Each structure stands twice: as structure tokens, then as C-alpha cells.
Amino acid sequence: MPTFTLDELAQRFGLPSRGDAATAVSGVCSLSPGKPGRLSFLSNPKLRDELADSAAAIVIVAPRHADAVRGAALIADDPYLAYARIARLFDPEREFAAGIDPGAFVADDAKVGEGSHVGAGAVIESGARIGAGAYIGPGCTIGRDAVIGDGAWFAARVTVAARVVVGLRCRVQAGAVLGSRGFGNARGPNGWEEVPQLGSLTIGDDVEIGANTCIDRGAIDDTVIGNGVRLDNLIQIAHNVQIGEHTAIAACTGIAGSTRIGRRCMIGGAVGIAGHIEIADDVVLLGRAMVTGSIARRGIYGSGLPLDDAREWRKTVARVRRLGRFEARLQQLEKHLRLSAGSQDDDHSDII
Amino acid sequence: MPTFTLDELAQRFGLPSRGDAATAVSGVCSLSPGKPGRLSFLSNPKLRDELADSAAAIVIVAPRHADAVRGAALIADDPYLAYARIARLFDPEREFAAGIDPGAFVADDAKVGEGSHVGAGAVIESGARIGAGAYIGPGCTIGRDAVIGDGAWFAARVTVAARVVVGLRCRVQAGAVLGSRGFGNARGPNGWEEVPQLGSLTIGDDVEIGANTCIDRGAIDDTVIGNGVRLDNLIQIAHNVQIGEHTAIAACTGIAGSTRIGRRCMIGGAVGIAGHIEIADDVVLLGRAMVTGSIARRGIYGSGLPLDDAREWRKTVARVRRLGRFEARLQQLEKHLRLSAGSQDDDHSDII
Amino acid sequence: MPTFTLDELAQRFGLPSRGDAATAVSGVCSLSPGKPGRLSFLSNPKLRDELADSAAAIVIVAPRHADAVRGAALIADDPYLAYARIARLFDPEREFAAGIDPGAFVADDAKVGEGSHVGAGAVIESGARIGAGAYIGPGCTIGRDAVIGDGAWFAARVTVAARVVVGLRCRVQAGAVLGSRGFGNARGPNGWEEVPQLGSLTIGDDVEIGANTCIDRGAIDDTVIGNGVRLDNLIQIAHNVQIGEHTAIAACTGIAGSTRIGRRCMIGGAVGIAGHIEIADDVVLLGRAMVTGSIARRGIYGSGLPLDDAREWRKTVARVRRLGRFEARLQQLEKHLRLSAGSQDDDHSDII
């Protein structure tokens, strides 16, 4: 592991520091209990009390917490962001040897840019182009005429289908599938008939895609993932979906076909989003939200009945199912007391 | 791209046409805005107004919309189905060179049929048989004694486990796993013990299976997927499940063990289906449905509380949780007014 | 298939038997209808009547059902567990030839233990160590300095990232990803910035991991999977999660970051568990449960509104949404009758 002193880090990242300039760190640690010779950070003010007992050699803190640090401190307006940047110094994943592994299968007319690595068992098909400084891990398959931008980092066993275009500096985790056939089927006289998926998939710059996530190619036009989008693991993005720049989506979420998601949205885990709808910029969807229609305004949205003891839960479900009877009984009481001459609530059963 | 004239398409597909017989198309486009030299279709009557402005060279329409087409038209009773068939002419995925890539690993006693392709990095294990005219993409692994029918198209990195049988003309997207071990565990004195999964998986003809979808092999008898079934991406099908012919299932749906699904069902995305139940033919399950018991009759079914503003949602959840108190208050009122001598609603808490 | 007699099985597994000692079986079958020359079991007492008609040659039963067996019987206190153990005799997956396939790519300084198999197309990177008697199937990728314990069985196309440690006798199904980068992102001035994930993943002994399941590596400390854990297919386990020993989790479940799950929990399919919470030992979560907070006590928990006819479902959703109005009407009645002087129920909208 490389080692850096407080002084080196302060200068390299332009941060004020406190404490012994020679304090050295060779890795990171949690704030509590912390480890000697390691770097940590305080981002959540609720954990401020942990500063006093942390064994971390250097802690990155906001200015108002600098006094509470026991050892050495780096002072940053956004300690988590500063941590993210400094911690990269200790990330062994960032290093790889340039060159095509003898066990890789690269088509004669495929191109691999300068300084790039192609791992053993990887397959680069005819006409594909890999940019410079890219890491294509073992077992990846890059389809015909696909384009992968400079600085890509594909963990292992990533599949990029034919003609897909991936921007600069994209990081893709193992098992992801980029550009699979969209789920397009037409009813024929003898069953489903396949609708060719002739669009492609376009992925912007600085996109991250998680393990075993799937993004389908478009039916006619392309599926489009904007710059800076963050996709976690096991996400499904159907054909023709468009995702705006810097939107982040947590694991296990599915987005049905032709839906358009705005910019800077934050979408929780296991959210289900219907097809052919539009979601505005800056929308926050809480985990497990069920989205059946468009969302026109920024805001925070959720759905679902959270957990309960199973016995209580079953009672609740039974009560919900007899809400119609509740309502009738309530109306009868009102009628009896002549309290309500108004019209009965209608069912609004067209809302879904 | 190949090019076809209106006249050629009309003859080839047996469709009436209108307009200049020499109108040529070399690809497809969306109806709006459309593209010159491309083919489109009108399937949804609500989009009829787009016909007037579409730049598409040829549009496939139903007879009653033929007059509204600006350029050339092909006339079909089911324009989407006609489009599906014609668009295949422009699908570059359909072409591949026969032969076993030198980078493929094919066991000496495995068989690969005439006209089939096996991609680089693919592994065909001992005793496996691949039919004629099949495309086995790069990085696929076909287990011992597995059988893949004629005309298969396996995108890349598809895994077929030992002894699995796949019918004719099946299309499988990247990362799918066919015949993984079912989740069978018995409690032993020191923790879970594995229950061997000695059944296999049988897949019919003309089945489509999406990216990273998993289908487990049976515990004793086989898991069975009927002819013409359509499975989207990231679907889980547990051991011993049976899926009837021509049923279509959207992405992220999970089906627990030993459940039997009927024929021609339409199952939405992210549906969860419990184990050991039966679902009748022609059942439609809306997206995110939670299915805890058998469904005996065809029909449309759904579940769940759709999205709301998070503040409203939390209020709704709190109200649902005090439904028991609502009910008690209602009953007290009724008692007070001597309106109800009837029995109190019981909890029906056995419904789940 | 190997063949065993009743007498051989009785002696080998220390079980009492009834019937002709020479009765031979060469495989397993379902109890109903059963197959001649095969072994079955009765675990669910409700199926006792099937014993009379079963064609199975030998049935494993509890002592109290021994009289009802038509043919030969093996008698065990836990027939399912006894079946699990005996059935392994017929599992062809358990046999493999030791040796490194010539089509495997094993780094010069990687180590593969005695009696282990490495399949074609598998990649073992620098510094990785595979234990003895392990099966590493075709297309697996084992990252730098990863450690895989003795007796591992990795089906095919399993990815183990750098530095991950996997215990003894772990079984991993195809497509699983162990040690992918956690989903850590910090907001920067120009969009998300990556937070390096410098922890690793530690997996105990005797763990089973399903097809296409993903387990992320930790951000700072390790993600930890305890001994004897059972994970089904398509599960997502985020960074820093800890799962206690012998917990079993069904398919499609997702667990967000830093959550700690107790020992011996049983977690159903498609459950969603929020991040940064704790779940006690011996908790049972029913399928599709939505867990938004910690669970301090063992017990059975569920959530969600199960299926209904779509028309009824829409009415129910509408009624739930006007619960606030119900409540107001109820209160007005009470006020009118001076029944309730108590305070109005508040919204408890802080529960989620």
C-alpha cells in the first residue's frame, strides 16, 4: 500500500490541516474504532462523539468539527467528497498493465486503443473499437461494431451487444448486459412473433453500471443513458427508456419500456416503474415505490404498506378489504342522523 | 442495409399497397417524426394524426387509416404484426457465419449441427448436442449432455447446465442461466443440508428467454417451460415450476417452486408468485402484483398501493394501521344508535 | 446410474427398514405416481394417502407412517433430511475429473489445490489461490489474490473479484458475482463522484449462493456472509451487509447497504430490506415483505396488499386514499353525538 503524510495530502488536495505534518496513512478505516496509520472521515454530525475515541491517524472533518479531532485532521467543506477523492490513492483496482492478454480473442479488424488492457477469455468481435486507457476484464464480450470510450473500466464478464456505444470513463461491473434485445412481441396466429429490435443503446460519459444489470437496446430508436448516471446491481432497463443526466438508481429497480426519467433523480431500490410514462427532473422515489403513472413535479414519492407482525398484517389486509363495508356503514349512520346529504364518494377506480 | 421497394414488400408479404411502387426503404423509423427512406407503422389509433406529418417513406396501416397516409402505404389487418415480420429483413443479428471459432472449446464427443456457429470462448462440454443452424455466441457454456435444438440463437455468456433440453428456435439473451440448482435445503443438526436437485429443465420450441434470467432445474421431476413462452430479463423461475404455452412474463418477476402457470397468461413486471399454487389459463397479472394463492379463473388481477407524495403516503400508512380503531369507533356509534345488531366483522386473518 | 439395495441403504445411513432387503433403486422419484426402481419419501403428512398408490420401490417415512408403505420402507425421524442425504448418491454433479483444462487461463503465480478442476475458459488471476478438491466450472473468473476454500463447487461463469475470501465447501451457481464494487457515490460539483470501495467480501464455510446473485464488497470494512448461509438466485446484497450464520434467503430479495441480518433467519422471495438497520436472530420475513426499519424481536413478519381482481383492487386503492375523509366523517358523527371528547388520532407519519 502506498503511504502519504498529512502534509502531502493537504497540499495535493488543497485542504487545511491540523496536527503533526508527518502523520502518515497507508489506507482507510471506519471512524469507530478506527485504526492507527489509517485515514477516516466524519460526514454524519451525529457521529461527532466518535472522534474522541477514534484510533484513526487522520480524520477528514468539516471546519466546525476540527476541534474535536484527537489526532491529525484534514479540513474540508464536504468531508465525504474529500474522502472519496483521497481514498482513490489506495484503490488497487485502478492499476492494470496495458496490453492484450494472450488468452483474449480480438478480431483482426477490431481496434484497441493505446494503454488499454484486454483480459484473458475476453472476446472483441469484428469492427468493435475500444478507446485508450481502457480496462476490459476477463470474459467480457464486446459485440460487432460496438464502441467503448477511453478510460472505460469493465470488471469481468460484461457483455456489450453489437453496435452499442458507450461513452468515456464508464465503469461497468461484472455480468452486466448492455444492449440485449428488447422484449418486443406481436401476437400472431400461432403465438407470439418476435418484433426485431433494430435500435441500439447509447450510454453517455462517466456512467456507472452495476453487476448483472441489464439494459435493452431500442426497438427502433436507441435506449439512452445520460452522462453521469449511476446504476446499481440487478437493475432492468427496458427498450427505448431514456434516463437523464446524473440520475442515480439503486439495486433491483425495473423500468418498463419507453419511459423517460428526468435528470438528477434519486431512485431507491426495488422500485417498479411502468412503461410509457415520464418522470420529471429531481424526483426522489423511495425504495420499493410502485410507479404507475407520470410524475410531473419534483418531490419525494413513496408507496406500499411497510412491515408488520404477520398476525397484525393479516388483520390489516382483511380490514382494508372490507373498507367498502365500512364506508356503507358510515353512510348509513350519516343518513340516520341526516348529517350528510352530499353525494357518496365515487370510486375513482380509474386512477391506476 | 438491404433496400426493398413498396412493390417488393407488397408481393413478399401479400399485402395491398398504395402509392408509388418504386418507393424504397432501407430500414425502419418511428412514425413521428419519421425518416425518409424508412418504413414505419401505425398500430395505436390514437396516433393517427401523426400520419400527416410523418417523414416515413412507407407506413403500414390498417385499411381504415389508409387514406390518411401521406406517402406510400402497406395495408394490413394487423399493422404491428406485419411490421414485425417485415422488419426482420433489416435485422443484422440474423446473419452469422457457420463454423466453430478457433477460440471455442468443444469437447471431442460433443456434436454441433450443420450450419451452426460457436463463438470464441464458448465451452461445449462432453456429450452436449447443438442442432443445425444454431448460433451459440461468445462465452456461452453448454453443460454435459445438454441438448440445444435447431435454429437456436444464444446471444453471449448463456449458461446451459448439464442435461437440460432446449427446443427448436429458442432465443436466449446474454447471461441467462438455464438449469441452475434448485433452492432445496433440509434442516440438519448442524445447519442446512443440500437436497440434491436431480431433475432437469425442459424448454419447448420457439421460447424466448431474457438477459440474466434464471431457471432452476427440478428437484426430482423437471422444470418445464412450454412452447412459445416469452420471458423477459432478470426473471427467476424456481425448481419444478411449469409454465404453459405462449405465456409471456415481463422483467423482474419471480415464481417460487412447484407453481404451475397456465397457457397464454400475461404476467407483468416485478410480479411475485408464491410456490405450490396454480394459475389458470389466460390470467393477466398487472405489474408488481403479489400472488399468494391459486387463481382459478381467467381475468385481470392486481395488487399494491401505488405511488403518492411521500407525506401523503406516510399519512395513508398510518391511517391503514389504525383501521382497527376506526372499526371499533364505528361499531360504538352503531351500538349507541342501535343501528347494528349484527355480528362484528371477523378478521378473516386466514386469507393470506 | 448407480444402484443400491434397501439393505445397503439401511446400513449406510443407519436407518431401520421394512420389506425385501434386496429391493433395488437406481434413482429418485416423486411419491405420486412414483416409479418402479426408484426411491421416494413422505415428508408432508397430508400426502400420506399417496403411499398406498405410489409405484416407488422404496419410500423413506417417519415411524408412524411405516405401516402405510406398500413396498419397501426406510424409517427415519426426519424423512426429508434422510432423503437429502441418500439422494446425493444419485447426483451426477458431484463427479468431476481433477486437473486444469487446457482451455483454462491460470496465472503463473496462482495456486490450484490437489484434486481440483478448472474448466475451459476459466480465468484464475495472479495471486489467487484455489483450495483442494474444488470444482471451478467453465468461464469462471477468479480475481487477483482471491482465496477459494477446499471443496468449493462453482457451476460456471462465476465471478470472484480481487481479494475476496470464500470459505470451505461453498457452492456457487452460474453467473453469481462475488465482490463487485459497492454503490458508493459522493455528490461533486459536476455530478456524482465515485467513492472507492476498499473493503472486501468474506464468505464463510458451507455457504450456497444462487445464479446471478450479486454481493458487493465493503466500502471500508468487509461485507460478511456467515457460515452455512443459503442464498437463492438473483439476490442483491449491498456493501457492508452482514448476514448471520445459517440464514436462508429466497430469490429476488435485495438488502441495502450496512444492514445486519441475524442468524437462522428465513427471508422470503422478493423481500426488500432498507439499509443501516438490524434484524434480530430467528426472524421470518414472508415473501415480498418491505422492511424499512430494524426488527428487534424474533417473529414472523409480512407486508403488502395481496392480489385482487383488478376492478376490486382499484376500488380498494381509491378507498384507502380517502381514509382521511372517512376519519373526518367519523369524527363529525362522534362530535354530533358527543361520543368522543378525546383527542383526534394524529398521523404518526413519522413511522416510515
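A, B and C are the chain letters, set down in written order, and residue numbers restart from 1 in every chain.
Just so we're on the same page, contacts are C-beta pairs under 8 Å (C-beta built on N, C-alpha and C of every residue); 3 or more make two chains touch, one makes a residue touch a chain.
Remember, predicted model here, so these are calculated numbers, not experimental data.
Removal of chain B in thought leaves the touching network of the remaining chains intact as one piece.
Residues touching across the chain A-chain C interface largely differ between the two copies, under half of the numbers being common to both.
Mean C-alpha positions place chain A and chain C at a centre distance of 24 Å.
Shared interface positions of chain B, i.e. residues touching 2 or more other chains, are given as 121, 139, 157, 175, 212, 234, 252, 270, 302, 304-306, 308, 311, 313-314, 317, 320-321, 323, 326, 330, 333, 337, 351-352.
In the complex of the two chains, the chain A residues touching chain C come out as 27-30, 78, 80-81, 83-85, 87-88, 90-93, 101, 103, 119-121, 137-139, 155-157, 171, 173-175, 206, 208, 210-212, 227-228, 230, 232-234, 245-246, 248, 250-252, 269-270, 287-288, 302, 304-311, 313-314, 317, 320-321, 323-324, 326-327, 330, 333-334, 337, 339-340, 345, 347-352. Residues 105, 121-123, 125, 139, 141, 143-144, 157, 159, 161-163, 175, 177, 180-181, 183-188, 190-196, 198, 212, 214, 216, 220-221, 234, 236, 238, 252, 254, 256, 270, 272, 274, 284-286, 289-293, 295, 299-306, 308, 311, 313-323, 325-326, 329-330, 332-333, 336-337, 351-352 of chain C touch chain A in their complex.
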